[in-house]
Amino acid sequence: DFLSALQEIIPAFGASTDDLERCRLNGIVECGERHRHLYQRAMLLAEQVKVSKGSPLLTCLLEGPGGSGKTAMAASIGIDSDFPYVKIVSAESMIGLSEGSKCAQIVKVFEDAYKSQLSIIILDDIERLLEYVAIGPRFSNLISQTLLVLLKRLPPKGKNMLVIGTTSEVGFLESLGICDAFSVTYRVPTLTREDATKVLEGLNVFAEDDIDAAAEVLHGLPLKKLYMLVEMAAQGARGGSSEAIYSGKEKIDINHFYDILSDAVSIHR
Amino acid sequence: DFLSALQEIIPAFGASTDDLERCRLNGIVECGERHRHLYQRAMLLAEQVKVSKGSPLLTCLLEGPGGSGKTAMAASIGIDSDFPYVKIVSAESMIGLSEGSKCAQIVKVFEDAYKSQLSIIILDDIERLLEYVAIGPRFSNLISQTLLVLLKRLPPKGKNMLVIGTTSEVGFLESLGICDAFSVTYRVPTLTREDATKVLEGLNVFAEDDIDAAAEVLHGLPLKKLYMLVEMAAQGARGGSSEAIYSGKEKIDINHFYDILSDAVSIHR
Amino acid sequence: DFLSALQEIIPAFGASTDDLERCRLNGIVECGERHRHLYQRAMLLAEQVKVSKGSPLLTCLLEGPGGSGKTAMAASIGIDSDFPYVKIVSAESMIGLSEGSKCAQIVKVFEDAYKSQLSIIILDDIERLLEYVAIGPRFSNLISQTLLVLLKRLPPKGKNMLVIGTTSEVGFLESLGICDAFSVTYRVPTLTREDATKVLEGLNVFAEDDIDAAAEVLHGLPLKKLYMLVEMAAQGARGGSSEAIYSGKEKIDINHFYDILSDAVSIHR
Amino acid sequence: DFLSALQEIIPAFGASTDDLERCRLNGIVECGERHRHLYQRAMLLAEQVKVSKGSPLLTCLLEGPGGSGKTAMAASIGIDSDFPYVKIVSAESMIGLSEGSKCAQIVKVFEDAYKSQLSIIILDDIERLLEYVAIGPRFSNLISQTLLVLLKRLPPKGKNMLVIGTTSEVGFLESLGICDAFSVTYRVPTLTREDATKVLEGLNVFAEDDIDAAAEVLHGLPLKKLYMLVEMAAQGARGGSSEAIYSGKEKIDINHFYDILSDAVSIHR
Amino acid sequence: DFLSALQEIIPAFGASTDDLERCRLNGIVECGERHRHLYQRAMLLAEQVKVSKGSPLLTCLLEGPGGSGKTAMAASIGIDSDFPYVKIVSAESMIGLSEGSKCAQIVKVFEDAYKSQLSIIILDDIERLLEYVAIGPRFSNLISQTLLVLLKRLPPKGKNMLVIGTTSEVGFLESLGICDAFSVTYRVPTLTREDATKVLEGLNVFAEDDIDAAAEVLHGLPLKKLYMLVEMAAQGARGGSSEAIYSGKEKIDINHFYDILSDAVSIHR
Amino acid sequence: DFLSALQEIIPAFGASTDDLERCRLNGIVECGERHRHLYQRAMLLAEQVKVSKGSPLLTCLLEGPGGSGKTAMAASIGIDSDFPYVKIVSAESMIGLSEGSKCAQIVKVFEDAYKSQLSIIILDDIERLLEYVAIGPRFSNLISQTLLVLLKRLPPKGKNMLVIGTTSEVGFLESLGICDAFSVTYRVPTLTREDATKVLEGLNVFAEDDIDAAAEVLHGLPLKKLYMLVEMAAQGARGGSSEAIYSGKEKIDINHFYDILSDAVSIHR
């Protein structure tokens, strides 16, 4: 079927996937049921866009806490589909630009995509594209209006498009009406204890007896924090031990791991 | 009489209706008593404008939840009347413009219409024309003032005009005083269970025994969501089944249909 | 006496009254005691301005619900007085202008008027001149300050002026201090049942037996809504009947009249 | 002594008092104990400025309800003192100017005054200079800061200055800190019944028996409203009677006077 | 020791003290224990700056009610120290300037001071430099940020600086974080009854028996108000008596003094 | 191991550390357990960055009350690491610049650092970079968005970077989402009684018997306040005694020390 078929195909030509690959700095590992399920749902949307007649435009929002894996998942859809046009729109390439210029760049990406029969556009960290801060709150209404219209405007006849948005401020997008502008919204969760266990087993940096204890304290944290904490702990209390640990010669001291967590006050919040 | 007469007339010449046709992507199907009644009332306004002496300007607001069919209905009035000038004013063709430019474009449409003896102007998604967001709230007062004046300003002597507005933010327009500026306001409703049944029967993608169950969960959703959910479900859980379903060889699995609904968290809100 | 005298005089020359006539689209009919009384009071102010030595500037505000007849009444004063300079200042001729330009236009009208020995200036829909919306609220303080000063600034020696303002947002003007800046404020009311009966009798579109019932439901509505509802009802439920009704051959069906009212949700508010 | 001396002096040369005279459109009549007392206190300040060594700058604020006589009183001080430089700063001559230009004009008046050994500057209707509206509230902070500094900045050595401000928005000035910036603040009151009686006797337009009744209803109104109401009433119910009344041939009908008051809804507030 | 030494030194050359002298219009008199104590503390800071190695920048805020003597005290420190660079930064010389220009002028004063081995900068009436009004509140954040940085930025190596700020809006500065930016804050108080007695004895304008009564009502008032009230009272009820009183021939009438106080409504607040 | 190794290395070449040295005006003394622990943790991060493969960007926020030693600690990390690129970004070098220019300067520092294989950037007093004031609150959203993106944007492949931020307004940064943008947050505390004792012993300016009493009142104050208070007290009550005290000939009078504290009202808050 479609999903398994996709895994096998190597697109003859297609979008450059360099930018997308950088979004998966720690690769893609098996990290729980929900993540896999969402990936599959999103891939189905890509299929639907390909064959749809009645819905030339499908839009899907991935929301969840910072570091839960939204961007990596969106990038994976872009890479794994064989769409000729895949583009990520991110605030990183628009630092310091005026609202108007950002707006123009976003519109440009859509106009370019309209020329392709099939296209995927990833709107990464929508709250950042909108220059959002909770205080006030403040944000760019120019960009917000632009997104609201683009998420509803049909591509030209015969062209089909999938838009994937990511955000960790779903409440804010909700109050802007941007959530409603998406066809569907999926929540990308933090890790459960079981998820954390699975990932830690793969990493192989804790003694087997310590994995459960470590996974316990990682419960409820997002995937990206797990990678960061493990790497900090791998330095050891006096530095210099990371090589030994990654090569498998030593294991992370579980007490030092606890220390690292409790020092970094903001981590548990 | 007038309404039946209209259906028979093929206008010798008239407004290009291409833009209007794009507003009815899923065609116009019989979808309940209220929709038909509102269509008839609005067609009567078109007649009134044609023969009126005391009211050279009539204005009518169609309000209702997103996707309930407002734009398609307004477009239908524009197409079904035989007015020489019919124009839709939409934010889609004004992305990124300044308030002043948008304002000028809107005024231009009215000025052009004043030259025609009979004209219909559709102000589509008025909240979007006003660049509205709930946070703040923010909106363009320049455009808001322009609409308030245009909705009251009489066309030149001997010219008659019908203005149809659509909005899914009637509370906001209310507080701007824009609702009061319209002669009448009609509410376009979501689907009842009966309405949904009728539409699903027409689509013929569920087994006969499942139609009631499907219609049940669609109760209270707008028409456009119905089309979207059906198409998503038609892909099947592992993709690839849509052709078989639309050609009538297979039916949508009702449990998969439920899954689709419950995954997409924002849909039921 | 003065009031009857005025009716007889045909001014040898004077202000062009074309603009003013357009403000009385449905003419002036006898519509109740209060309307007539206010008209007389306002005409007395025009007389006072003519003979006054101690008050070279008189200012009068007509406030009341939308459509109650304020603009038509102000226009009538302008037409019925024989003042050489009568000018209406309205947002309709200033769409899209900047605050500064509007301000300059308003000041220009006053400066021109100062050259005439006797002048009347009508500031129509002051909330619209001020670009008012309830949300915020927002309005132009530049124009608001300009009006506050103009309503207090004396014309040059030997010149006398009457300023008539109209508004349906008296609470707002109150909070700006603009009400206090007017010498007097008169409230133009909606129709009572008796008023409505009188107007409907004049229109002669209902069967004699239905007039009371129709007037009953029109109680509390403004004059302009009455004209609009009657015209809508005159089309008949299936269109085409207005000619027969206005020529007196048929009468409006009272049940259809009720339907029209209940459909248009916003009308009764 | 000083006060009586002042009345006798006719300044050999001095400030043009034309502008100041226009501020006393209805002249200066005896209108109650408090008005006279305040006038005397203010004249003492003018004397103090003339002889002071330790206080080269004195500042005095006259506050009170609209029409209570603040501007006329300030103008009288300016006229009755024999200061070589007397200037009134009013929003009337600055309509439509930018904050910056207004600011510059105000500063210019002070700089000019600094060249004169003795000067009086009247800041009339300070809330209007500040472009104040209660909604918001809004006002020009540029002008507000300018006044705060000018009210404290000493003239050059050897030059003495009296600044008189007027306002009917003392609460607002209070919250800006402008009240505290004045050396003293005096409240100019509305009329008591006794005050009104005295003024009406002077006007001689009521029958002797009606004066008390008329004064009764005028209690608590400001002086300027009294003049306006009397003039309106003098037209008579059907117009044309003012000449007869001012020439003394007829008297104002007390019932008509009551009518005038009750019609003008905003008057009593 | 240092403090007594200072009184004796006449600086061979130094900052022009003309501007500073104007800040002490009524001279410096003995007016209570607290004033003297604060003066000594502030002089100690000047000494510390001179000899300090670890603190090249000392900053001190004098806060207290309007007229309590802050500016005069700061000026005295500037004059009494023998620092080569002493400069007062005041809003009086920056009327009408843009925030940017004011900011530049303030920075310029600091840059100049950095060239001097020892310098004192007086930031007079900081709330005025910041264009503060309580409504809103509003103020210049550009200038506020500039001060926050300048109050913390170290002078170049080898240069030492004392900054003295004054304000009567300490609560406002507090909420900006400007108070915390100063090394120390001293409160300059209003007069106690004893302080007032001492000052009145020095002035010698009341009969000996009246001094206690007068001082009683002056309790809690700031020094500057005392001078103003005494001068107003010295004119006498009918003017012209000030010369006799200052020359000692007459005394101020204590009842007239009470009158003056009660008339000026804002004085006691 | 790493930490001790670092102390011994004198970098052959590296970042100019002049600016960084100025941040430690009073040197670095042993001032308590927590300070040392934090310093070690931060040094470990520097090591991690050097060897990391999975985390090319590490970010660490030092937060704590004003004067607690954040800047000095960050500077020490910069100096003690042997990174080729170490740069401090501070508001001191950007006084009066526009938001845009500040933004550009900050971006420039990052772009430069991206060219170095290893780099440390210190964002000192982030609230000041953001032009923060509590009133409103106000701040630069342009700079805030820039930091939010820069703190997440990966350096080019093969380049590793450590960003250290300091702030005394952690609650504000929290509400901006800037805290969450940092990998870890460490709180730099005020002095405990024990810490104060240790520092005072080092300074040797109190009689041995007084050290405990002095440390007692210094409990809860930040390090920088301790230095300032000691220096003020060292002048003595009448000035001139500081030389004797620093040379060890005299000791600070403990009562005078108490006086200094109680006078400076804002110190204890």
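In order of appearance the chains are A, B, C, D, E and F, and numbering begins at 1 in each one.
Just so it is clear, a residue touches a chain if its C-beta (ideal position, glycine included) is under 8 Å from a C-beta of that chain, and two chains touch if they have at least 3 such contacts.
Quick caveat, the model's predicted, so the values are computed rather than measured.
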Taking a step as a move to a touching chain, how many steps at least join chain C to chain E? 2
In contact with chain D and chain F alike are the chains E
Figure out the least number of contact steps between chain B and chain D, where 1 means they touch directly. 2
Would you kindly give the rotation angle relating chain B to chain F, two copies of one sequence, based on a CA superposition and rounded to a multiple of 5 degrees? 120
Suppose chain centres are the mean of their C-alpha atoms. Which chain sits farthest from chain E? B
Same or different: do the copies chain D and chain E touch each other through matching residue numbers, with over half of them shared? different
Could you tell me which chain lies farthest from chain F when each chain's centre is the average position of its Cα atoms? C
In whole angstrom, what separates the CA-based centres of chain A and chain F? 35
Chain A to chain C: how many Å between their CA centres? 60
Numbers and ranges of chain D residues touching at least 2 other chains: none
Considering touches as defined, can you lay out the ring of chains in sequence, from chain A by way of chain B? A, B, C, D, E, F
In their shared complex, chain F is touched by residues of chain E numbered 1-3, 41, 43-45, 47-48, 51-52, 54-55, 61, 100, 103-104, 107, 137, 139, 141-142, 144-146, 148-150, 152-154, 172, 175-177, 179-180, 182-187
Residue positions on chain A within touch of chain F in the complex are 22, 25-26, 66, 91-92, 95-96, 128, 131, 133-135, 138, 227-228, 231-232, 235, 238-240, 242-243, 263-267
